[in-house]
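In what comes next, chain A is part of two complexes: it sits with chain B in the first one and with chain C in the second one.
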Partner chain A sequence: MDAARHLHNTGEIRGDYLEKVTGQAQFASDVVIPGMLHGRVLRSPLPHARIRSIDVSAALAMPGVVAVLTGADLAELSAGRNSHWGLYLRDRPLVAIDRVRYVGDPVAAVAALDEFTAEEALDAILVDYDPLPHVTDAREAMAPDAPLLHEKMDKIQNFYFRGGTNPVEGTNIFQHYQYAHGDVEAAFSRAHRVFEDSFRFPMVVHAAMEPHVVIADWREDSITLWSGAQSPTTVQKALSLLFGIDMAKIRVITPYVGGGFGGKSSVKIDPLVTALSWKAKRPVRVCLSVSESMLTCRRLSADIELKTAVDAGGKLLGKSVRVVMNGGAYADTGPAVAVKAAIRAIGPYHIPNLKLESYAVYTNTVPGAAFRSIGGPPAVWATESQMDVIADALQIDPVDFRLRNMLDKGGLVKPDLRPIDVDMPGMLRRGLAAMDEAGGNSRASGVAVAASDPGIHALGSALVRMKIDCSVLILTNTIELGQGAHGVLRAVASRVLGQPLARIKVATPDTDLAPYDWVTGASRSTVIMGLAVEEACAEISREVRQLAAELYGGEAAAYVLADGGVAGPNGFTSLLDLMVRANGIDSGEFVGLGRITPRYRNGDFSRMPLFWETAVGVGETEIDVETGEVRLTRYVSVADVGRVMNRKSAEGQDEGAAIQALGHTLYEELVYEDGQPLNASMIDYHVPAIDEAPREFHTVLIESGDGPGPGGARGMGEGAILPMAPVISNSLARQYGVRVRELPLTPERVWRAIREVQRDARRGK
Partner chain B sequence: MNDIAVMDVTFTLNNEPASARIEPRELLIDVLRENFGLRGAKRSCDLGVCGACTVLVDGLPVSSCSTLAADVAGRSVLTIEGLGTPQALDPVQQAFIEHGAMQCGFCTPGMVLAVKSLLAAEPSPTEEQVRHYLRGNICRCTGYVKIIEAVMDLAKRGARLKTNP
Partner chain C sequence: MLPRRFNLHRPDRIEDAVALLAEHGDDASPYAGGTELLIAMKARVLSYAHIVDLKGIAALRGVSARSDGGLIIGALTTHHELANHSLVLERLPAYALLSANVANIRVRAAGTLGGNLCFAEPHADPPAMLCALNAELVLAGPGGERRMLLAEFILGELSTARATGEVLVRIEVPGLPAGTRAGYRAFGHLERPAVGVAAVALPLGKGFDWRLRVGSICGRPTALAGLEKAMRGLPEADALAVLAEGAEQAAAAVEADDDIRGSAEYKRHLVGVLARRAARAALGMEALAA
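== the complex of A and B ==
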């Protein structure tokens, strides 16, 4: 029998696996457009400089070079429109105009007949720079005499996220967020103990295996893009504003994407490649290397200061959180990241007096951007480390200390947010039990919990078409980047329409065909697009059953869709027969539209967050005392996902998020010195390899069935990135008495901390 | 452009004779992708450290992004397209599907070929050997858990074959 067909029919197997495992899956970087040129980007070698002049004549004279785009072209291209773009602040030019702001800032782009020639032409472009003072550290960039990266703050409202940012004019601060409830100062003054701790979280990169890639084809008054974009519709809107072309004439096609993790969300290289196609008057493909992707975006690094007050009984009385985030040269989605970093530092705890403050700051470094759970990992690393510090000082068991302060289901993390919708104490107990069941010792393990509020905008639609043979086509702009969203949508359609999974296809996302979806990110697709597909299929189901009732008698409610047709009081009828009877020929189809907006369910979908994404981590570590090398040996990850839509995919999301976190916990940091990134390549920047994965990984997925999505599902896939760093750090503190407050926990840092502990022990401290 | 020397390279590609007229500087990955339309080998780090471009040359994994096409003259190259088809999957491909050992899929062709090569040398490797052998194949999505499960499942089958051939 046909092995492939068999596998497709098992229900648990995703449709993309077969294509991917045989090398047939088409990624954007595999797309070939007839007549396309190959583009390369010339990047600034300096962290901050004026551009005195650019001479492209030698490059243009090279055989095979078709066009070179520089800032000098923008007056003609933009023709009175703004040639700058951004998500919160219009701070980024299509290509550098008279100034560069970080090493890697695009200065020019070459389109040539082949990549070799384009690459060689970069060397022939002569740029005369006038260096400016630079700053790469966020705290230094906040100083009054710091070099200013942007002279004005050109704010945009409601462009990608609701609202805007709160920059401080005349400084590098592009976001300043503040929040308070209760009286935190009073709490500090009456507390039994007050703990002040600072933590640092490094600059880390997404390192998706497929680098950023775009093919842009600019025609008279239309643009077609093949892009690895997580938000094709935002790309479409940004290009429309930049180039003055109607949105309906801008088409963004998104084949399989080789990983994103937020690094391809909002808008990235699409405007630059489109401008290069305009200049070359031909389709142009730009496929970055991973090294260049590392110079395109990264996670915002952070300094987190926590001040926390407790009473003698180990109850939290008040907490102040101050986060300073290094936002890089352009704001991108950094303003949202800074807000989330502050909120996600609260944790699933009752804190009667709370003060939050966060800053995102321009520096001469790679632009900061969204990365799996924006702001979450720094926030949870700090808060959950401090929880253990406090428990240790009060001589309370760290789990007991957490449970004394933990919110029950329905409790308020922050009064303006939806009450927490999962049983966190129950999750924590499940995690500890799972560690013991696996042969570990939960009493000696590192433990951390996290509650994050996904920044989901509830705006997305799907079209579903059911053919006369009952095969089903789903049209969506939710992209497939490995998370398995398309598999989930097929499962939803299969259930509502009563057709086998094998007959349900998700079309390649294409803005010309599929309706609007906000972004594939923030763990939102299962809920938002899942519901949209569910609604669309329900519409088809209603129509089919109504028609069957009209033609064959009885009530519509007495009919049910079944494999190949519809079953009713008088037996089964194929959809084909139904259509012939209804329309006279064996043709036609049923079309359903599902639309989710913030007004959905009487406006409940406008309430933030749509659901809580929570996580518990319990882990055991080993340390090589001689070298300071740390290994994670056994790990338990718990998430209440509401409903598991595909077990292997869901577990895979959890495992992948956790091991990504192992990267920022033990290995990863983009290091700057003298304004230069020292390790922006896969050789020098180490992401976890297979031998660094723990010997044992146990995922516990709780199905409480009360999430807002299909079947009671919640979103998932980001939560498990949160507890890892504090789990490992807390485990080291518990086992070895070392507390390192700066990530990654490199052998050197850990070794020095061990030596300090040993020295203190010898001195009899 | 016109004065660059060209050369003919003849080799075995996916068990069939193949030849290509190439420039001496051309890399194997480009010749496979552009001349032969075999796009399963992926360019990622472009530095020979991530494994996404892995193909087998005489049965051993090499990074096609840092191998000159000229160097495979007279040798046998196996790409993912030659390993199995949707209609006739290789057991390694089958195991990856069954265990959900992939997400975005960009590393998958290289990973599958590396596993193929490992199992050819050692049909029933220990987990330690698997972790050592696959260290050069980076996956950023899965956290490797399901990849290890898939390979250890194959190793178990390999061990059974050893004892009951």
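== the complex of A and C ==
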């Protein structure tokens, strides 16, 4: 184990750092293609309307304008195919056809010789709208008389996620999920106490540093895309269906991506930009502004109702979870988010009687989409807040209350899921100890735990090519968006092939060259692509050693790959010499293919989840009682990641996830009024900055070595976003007696809650 | 989004800038740091056919001493320069600190005091304090220069007394009697302050002549006149007691609306909190910077 640790955790600086700090790294937004036009998108100013007419003649007449795409083009473009796309429901047209459903919905797109001309042409497009009644609140959208966003539910099965969605026809409900085990009603009736609590989680945006950007080059029988896409292969598949071009003739190239957080998962602006290229018959680049990215996708907001029964000894008897999620104008991956929100509200606890129900609902707002730990933050915020509410009412220490109910390793969160593979009680104790070691007081801190089931599809392959000089090229569609995935893959190849990291390169992801990978997301790359690279390298290693044994004698097992070649019973031979001896010239290469499918390890990889992504948060806060301002002062984040592949990257992922959570906890919310988003710009939407990070942040990474990935690694990077909101909320409750049930905990909300507590105290409550 | 196309003019003398602005009237805008203007132009909230870039005019830059102990601040002086200028640090340390806390380093490095005042976005730190300091402005127009009080210059949200064709040349802060104290406190959870309060205390008898000005909360800085009067001349402790007692009531009269920075009720509450803190900061009873 120590040897494995040494080999994995080399501490080597990641390959992309130097390129990025020197400005050499090429992002999708840097790519320039000969003959490329620039596209801009005209967006709906109204939350819900019929389009009576669109007049593009003045725009087309402007010098420099090459093409204008509108819904009127889709009949010709689609030529009998479906002009709508989606991930669960085919609910989104390539561009608005006769109707807009949210402020920001693409109505038309212009391709011009330069961006300024394209932008000016937008002003010249005349759209005549007939406003329709709108609804922006999910509960209002569920009412019988609510305006309907989509008249039909055109379902797709097994397209991106396994299975389909369960919409309610004739309503705005595009997903209704239900699950139960045991008898929750009986548990409520015999319980010592039953607690009912409601919590709200806001609409928040991904706020990646790089906005959405795509260059599309449509040709008669092929499409090439340079896209900041987290799932190039899904983009490829969606375009094939929309444009009637074979998948093998659709090429998606993904240079460095400036952050995704799920906001570039599945499919986003790629179909629209490709349609504009089709119309213009030229390559077209569309690079959104940050504000436009905010109008492209966001996290689903949620109302969570929990009803939880406990016995007199503080044991959980039963729990019912009801989640209503605001899914926005188009379903995207919202159906999966709603399911996960319900499941992730269970927590790492033994709950003998359980009922889950969740809804995802269409509203006239920005489409909801995947976002770092889908459904997780709302679910954990509610459950871990309520755990403290119950502990407080029962006068049990909140940590003791958790430990009384916490599953040990091997325990079942939900019977159809893989047993929990992490020692959660141990992790919690490590977190508390780390807080005390850091000079804090764990007994007075806010505490929260989380266990989430990553929705990983075990489907991904890698090609590895080792040259005669022992340099190594990895071909993968796992993208590098700052998380360090390519660094991890290099470390895996380095270990298996015995070559120094400096000689190992990951090629820019390109669907023409690299084999299929499902998505870079769901904390899956280290495990799935890590194993694929490991398998591919192992194939090369076998082949080299067999060849050496044939040519130099002895057993293949007696040879090991070493820096520059292979070492065996008769000493070291360079790969070059081996190749000359084998092939007669100093040329050629070794190629290995690694394939991970659900059938991997005798089908074990078909069992969900592949591993549990867990987190413990322990935090101390300060509050300005007069203004209501909350500050996180010291924070401990614990995760059992199985194996640390690169400590800097791993700690960066952990810190980044936690600080991103500080946003939805204290500052961030996309606010709607009269159907209009009030703050869809970085001026009025505040993402936490370094000044707001805690003075002390301690990441504790546990290496139990028993994950499914290379060296026993688990995935990571989405766990630490989960406990932050309840940690801060529980800390406020513990220190100040204040319980706020709506995020973000703005100073005003906290101030009002403090005032309430003070009034109650004066009344002698 | 991108701004509409415009013609960029780069005069290097004030007279030329004035002539350009006078010639193009409402089709032109002066351009200083651009931290407000360019954002509004990119969002297409504003558009001008002519942009007159003032950055090449050396006469609009720099800080110098007024003979009465006050300061002369060129309109194109950045917040960052003000935060670090030795004269400002010596004569108005509270204002230097305020400048050091404006927005973020990128805004401080590019954004100018003159641009800030002329754009008149209410959610800004400088106006309240400068009003409390009785700052005066010098504007140059086709008819020559004129001088006016900042408090009279700001008319409301995004609205000033600057006439078409006029350029703000400099801001003058009159000298203050020895023993004058100043403090500033602002608060907000988004990028811009929701409320800011400046307290300036000029020696008077056993106490001070207080100037308490509230910024950001509404279109123009507002004086807490009743409190100023009630605290006038009182010894420190008594003045603070009067302030503590009367702050909430005084705040109730301040114009405020519900918006994403908070409800009117909450922001008026902040006026009281920040007035107490600004006064205490002025008196050295808490750190000058929060």
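Keep in mind that, in the parts below, the second predicted complex is superposed on the first by the 754 of 765 C-alpha atoms of A that agree within 3 Å, B and C clash if a C-alpha of one lies under 4 Å from a C-alpha of the other, contacts with A are read in each partner's own complex, and residues count from 1 in each chain.
Operating definition for what follows: a contact is a pair of C-beta atoms (placed from the backbone, for glycine too) under 8 Å apart; a residue touches a chain by one contact, two chains touch by 3 or more.
These numbers come from a predicted model, not from an experiment.
Residue contacts after overlaying the shared chain place A:S681 against chain B and chain C alike.
In the superposed model, A:T746 makes contact with chain C only, not with chain B.
Within the superposed three-chain model, A:D392 lies out of touch with both chain B and chain C [touch as defined at top]. Of the two partner chains, chain C is the only one that A:E626 touches; chain B does not reach it. In the superposition on chain A, contact is made by A:L481 with chain B only, not with chain C.
Of the two partner chains placed around the shared chain by superposition, chain B is the only one that A:K20 touches, whereas chain C remains out of contact.
In the superposed model, A:S289 lies in contact with both chain B and chain C.
In the superposition on chain A, A:D469 makes contact with neither chain B nor chain C.
When the two structures are aligned on the shared chain, A:D577 is found in touch with neither chain B nor chain C. The partner of chain A that touches more of its residues, comparing chain B with chain C, is B.
The residues of chain A shared by its contacts with chain B and with chain C are 116, 289, 291, 681-683, 689. The touching residues of chain A, when paired with chain C in their complex, are 40, 115-116, 119-120, 123, 289, 291-292, 626-627, 629, 666-667, 671, 678-679, 681-686, 689, 746-748, 751-752. Across the complex, chain A is touched by residues 1-2, 4-5, 39, 42-43, 104, 187, 189-192, 260, 262-263, 266, 269-270, 273 of chain C. Interface of chain A with chain B (complex): residues 2-4, 7, 12-14, 16-27, 29-30, 63-64, 116-117, 206-211, 256-259, 261, 287, 289-291, 481-484, 648-649, 651-653, 655-660, 662, 681-683, 687-691, 693, 697. Only residues 1-2, 25, 38-47, 49-50, 52, 79-81, 83-89, 93-94, 96-100, 102-109, 112, 130-132, 134-148 of chain B touch chain A when the two sit together in their complex.
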